[in-house]
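Each structure below is given as structure tokens.
Next come two complexes, and both contain chain A; in the first it sits with chain B, in the second with chain C.
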Partner chain A sequence: MSGQLIASIADGVVLAAILAVAAMGFTLQFSLTNVLNLSFGSVMTVGAFVAYLIAVVHLTPWLGIALGGVAGAVTTVVLGRGVLRLYARRRTQLFEMMMVTLGLSLIIDYTVQAISHNNIYGYSVLQGSALSMGPIRVTPVQVGIVILALVVLLATWGSLKFTRMGKALRATAVEPGLARACGIPTGRVVLVTWVASGFLCGLAGVVFVISTQSVDYTTGEGFLPLVIAAAILGGVGNLWGAVGASLVMGIVTEVVAGLGQGGYSTVAGFAILVVVLLLRPGAVFGGSEDRQLVL
Partner chain B sequence: MSAWSFYIGTLLIYFAVDALSAISLNLQFGYAGVVNFGYIVFQAAGAYAAAVVVLGKSAGPGSFQQYVFGAHLPFPLDLVVATLAGALLSLAVGLFSLRRMRRDYQAAMLLIVSLIALQVVSADVPLFNGANGLTGVGWPLGQIFGLSAPASPWVYAAWAVGIAIVVYVGVVWLSRSPWGRSLRAMRDHEDAASAMGLNITALRLQVFVIGGAIAGLSGGLLVEYIGAWSPGAWGYAETFVVFTAIFVGGVGNYKGVLLGTLLVPIIFLELPRFLPSIGYPGLTDSLQWVAIGLAWMLCLLFRPRGIIPERRARAKRLAATMLEPSPIKEGA
Partner chain C sequence: MQPRKLTLGAALAALSGLLLAACGSTAATSKATLTVGGVIAITGSSSFEGGNLFEGVYPAIYEINQAGGVLGHKLTLKQVDTRGDPADALPAVQQMLATTSNLVMVAGVDTSSAPTIVPVLNSAHIPMTTVAGESVYDQSPYPYFWRLFPPDSANGTAMALWAKKKGYTRVAAVFGSDPGSQGDLPGNVQSLKALHIPLVANITLTPGQSSYQSQVNQLIAAHPDVIMTEADSGTAGTFFGELKSLGGLVPIIGTQAMDTPPEISAIQSALGPTDFQKYMSMVISAPSQVTPAVTAFNNAVKGDASQIGVSVSQAQQNPFAVVYYDGMIAMALAMVAAKSTDPKVFNSYMSKVCNPGPGKTVVYTFAQGVKALNQGKQIQYFGASGLIDFNKYHNSYGNQEAVSLTSSGAAVPLGTISVQAIEAVKVTGVA
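Let's look at the complex of A and B:
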């Protein structure tokens, strides 16, 4: 039993690593722009499909990972700069903007469905034989995913903390008007945010399908609830919080799945958010209503 | 019975069901400002509930389909059960998701509920037969008259439209009542409404449960006619068909909502049947959804309040007459 538990926890850490990459992108984007971006999952799907296409033409999967991230970044910039700005110019408010992203999500998902003929495609790259350490069985690629997540965390944290752009980004997230008044080029900051969060989004899509070994048009949409829940649970804009929340949700999800309740595993992960919400609503939903869109 | 007569009758039933959905979602969203992105779940709850009380006892695992609590209830009772199921589920969901929080968080939360409910029902086979869904649901109304469903959609259409009219009148009456006014007050300025002594959380929960009950009823009506229900019928995107109908027609305006229901779910989704099919089978379906998404986005861009927007002039006129200085009588 305890061996089973430890194995589930190890699986949970792998899931958490994937979740953390996505949640970091989401929390970064959300804290700066204040758009609750429901098309985030669709962009993950786009990244995943790009990686799949790279595998189809027999190029190295590493290129797939990189180009999946780039595809995510490009898509996000196009959506953010092209579409969302168009709506912002027409004085679309915070809440309506979320509806806009939802429409985008519908369009992207079903365009992908149309192109992919509504099929599920197998995607197995970089798979190696499992290594056993006591009860834990991990494949090299799973270890690789966890390392990748750590690298992403350190890189994101480092650039937020130590670079000028990171400092500008944090300032803009807290007080966009004041940041602009101080001469920070907020437009460029927003662009950098779209690129960085889009890259993380596409990357998360690729590592997710590497882990599940299949890709279809619902890939990102199915994963999105966990991403939003982790980002909100960790406190919006809080990088370490997002990673911590990802760990909790990943482990709980896999432990419940390990108990033989596969159908309810995602529910369990989400239940944490609900419980925290019920016990301490202020901790999770402390954000004020009067936040402005920054696009 | 020509094919056309059958087709029109069926469309009429769909219109009644879609109108019920749009009316109740408009009560929640247009009047109360509750953004129920999980709407379809409550319709699904009604449909499943109606199905299991019509199907009779489940034969258990290993049989052709399995589900919880089978029963044979006589005719109108299955719709009562469907309505109750919608109401109870929305009470349960509402208790945790309607707390005071940012509107976009709340909407995202309900969307998450919708996605997760779908996963659970698909994965948990003993509940409602998993991804294959329930089928062979009889036609309780027709059995009374000794009719079979395909032969006489008109009887059922009359019944469904009748229910839709009753609900329409009821909901319009509710919206104009003082309770409806307090809903609008809550939507337009929550803090002010709260300061006037309205219990925001209770109001939200009330409108959520009433809407959920109507959703359950519409699900029950639908499943009685089509005879089957599965997770394929209630993907998260279905909620947005109803939302698009409201946006196209007019948020907060019931006549507009009916127009939107006619335009979006009926004409928009039925018209492609008459167009020559393109590409591989299934391509048209995908493109239909893309078109729904486009319609949704264009509406948000150009006509965020719909074709027939909510009438707001009356209150203004009333205020104007009250503020008008009374004419000074001369020579008195």
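Let's look at the complex of A and C:
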């Protein structure tokens, strides 16, 4: 039983790593723009499909990972700067903007569905023989995913903490008007945020399908609730929080599945969110009702 | 007198005209096109079920219309999309019933929508030929329900029997949590128990998860020597891909529902062609021997290739398509035998034109059936899927067969599980 528990915790760490990459991208963008971006999952799908297409033409999967991230960044910038900013200029409110992103999500999903003929495509890349350490069995690619998540965390955290742009981003997230008055180019900060969060989103899509070994038009959409939950649970804008929340959700999900209750694994993960929201009711919008869109 | 004669003549002429017009009208009505409702998931995650239906029903309609139609009526298919969800299916079906003139039958009703839709169609006196496998229809109370497909419980029993025949002693059941995938599980589990084969793991997969790593590890820890499975293609692809990655592959026996292009494609992608052929097998309805009915089906598929949306060979090998085809042909022959297109009249003729009986003329095609019926003979339609013999609950199914698949998807027979052997396994608690 303890062996099974240890194995499940290890599985949970792998799941958390995938979740964390996406949650970091989501929380980064949400904390700055205040847009609860429901098209995030669809952009993950776009990134995943780009990586799949790279595999189809027999190019290295590493290129697929990179281009999946780039595709996510490009798509996100197009949506953020090309579409959402138009609505922001018309003084669209937070909830309305969320509905706009939902609409964009559906448009992307159904476009991908049409192009992909509603098929599920196998995507087996970078898989290798399993590694065993006691009760833990993992594949090299899963170890790679965990390392990737750590690298992303440190790189993003370091960028925010030590670079000029990172400081500008944090200042804009806290008080955009004051930041602008202080000469911070908030427009450029927003653009960089869209690029960074979009890249992480696309990257998360690729990592996700490397794990699931299949891709279809619903790939990201199904994962989105977990991403949002982890971002909210960790505290909006809090990278370490997002990673910690991902760990909690990933481990709880896999432990419940490991106990033979696979049907309730996701439910258990969300039960934590429900309890936390009960204890921290202002988590979604930081407890402030006067937050404005920053686009 | 002259005016009166004229009046009488005019009245007679008018009456004749009216009678002619009436006759003409009757003739026109009798030649009206009859509509077949294709009530199935056409979009959404179960859209492959729509493909299965179209690959069988369009060729059947083609064959029937080529033979002159049913009592002079041509047939046409009206697609009704359930999206695999009862919430979408119910309004779609209600709209179909309200707006479709000359609706004579329904083909389809997917597994998820069947509990909602079957009673509605039955109340509307619309006969339906379905492949919904739920065991609740093993003793169907619905007179307009016809199933030419083994119930899920029988498929589950056949899998257990095949495991026994192969000498497996440690079985793991891996089934999706969705209703469609759960159908075979109770019959499978109860049959394993009845056959004294230990079930060492019973794992449920919730569709759409990013990983099934814990379930995979749970499975490996149970050390099964065979896996019995049904899950949607995405879930199956992820699970078996992870199982292979973690080095846990053992022989896999899939249900009949796994013998569809999306599932095959997903598992083949996950396992790779070599391991797919090495480990994967399925238990499906035993294909018919090559009869004129099979030839007619193959020809009809070729003749209507533009409608079916997949390659001719793919449609010809689809076990669901051939069942839909048989259902359509049988229903059309029932109309001819009843000399009526009124469902209330021809519904009871389904068994009469299909079931074997003394003195009956065996027919293999719609045209043969019509010819024999016009000669006053009683007929037995022997379908492209094989013998059709409805019981009192309007169920008909025959032997099942274990098959492996080549890389091109062609079935390679491994062994037969007879319907007698399936019925001999007394399972309890399966509803």
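By our rule, the second predicted complex is superposed on the first by the 288 of 295 C-alpha atoms of A that agree within 3 Å, B and C clash if a C-alpha of one lies under 4 Å from a C-alpha of the other, contacts with A are read in each partner's own complex, and residues count from 1 in each chain.
We adopt the following convention: a contact is a pair of C-beta atoms (placed from the backbone, for glycine too) under 8 Å apart; a residue touches a chain by one contact, two chains touch by 3 or more.
This structure is a prediction, so every number in the text was calculated from the model and none was measured.
Steric overlap between chain B and chain C is present once the structures are superposed on chain A. In the overlay built on the shared chain, the residue A:222 is in contact with chain B and with chain C. When the two complexes are overlaid on their common chain A, residue A:36 makes contact with chain B while staying clear of chain C. Looking at the shared chain after the overlay, A:238 reaches neither chain B nor chain C. Of the two partner chains placed by the overlay, chain B and chain C both lie in contact with A:118. Contacts of A:87 after superposition on the shared chain: chain B is touched, whereas chain C is not. In the superposition on chain A, contact is made by A:104 with chain B only, not with chain C. Once the two complexes are overlaid on the shared chain, A:159 sits clear of chain B and of chain C alike. In the superposed model, A:7 makes contact with chain C only, not with chain B.
When the shared chain is aligned, chain B comes close enough to touch A:95, but chain C does not. Only one of the stretches 55-63, 109-117 or 325-333 belonging to chain C has C-alpha atoms clashing with chain B in the superposition, and it is 109-117.
Counting contacts by the rule stated earlier, residues 118, 222, 262-263, 266 of chain A appear in both its interface with chain B and its interface with chain C.
Across the complex, chain C meets chain A through its residues 43, 45, 47, 177, 203-206, 208-215, 217-218, 220-221, 233-234, 237-238, 241-242, 244-247, 262, 265-266, 268-270, 272.
Across the complex, chain B meets chain A through its residues 35, 37, 96, 99-105, 107-108, 111-112, 115-116, 119-120, 122-124, 236-237, 240, 280, 282-283, 286-287, 289-290, 292-294, 296-297, 300-301, 304. Note for the complex: chain A touches chain B at residues 36, 38, 83, 86-87, 90, 92, 94-96, 98-100, 102-107, 109-111, 113-114, 117-118, 221-222, 224-225, 228-229, 232, 262-264, 266-267, 270, 274, 277-278, 281, 285, 287, 289.
Across the interface of their complex, chain C is touched by residues 3-4, 7-8, 11-12, 14-15, 18-19, 118-124, 127-130, 135, 137-139, 141-142, 208, 211-214, 216, 218, 222-223, 226, 254-255, 257-258, 260, 262-263, 265-266 of chain A.
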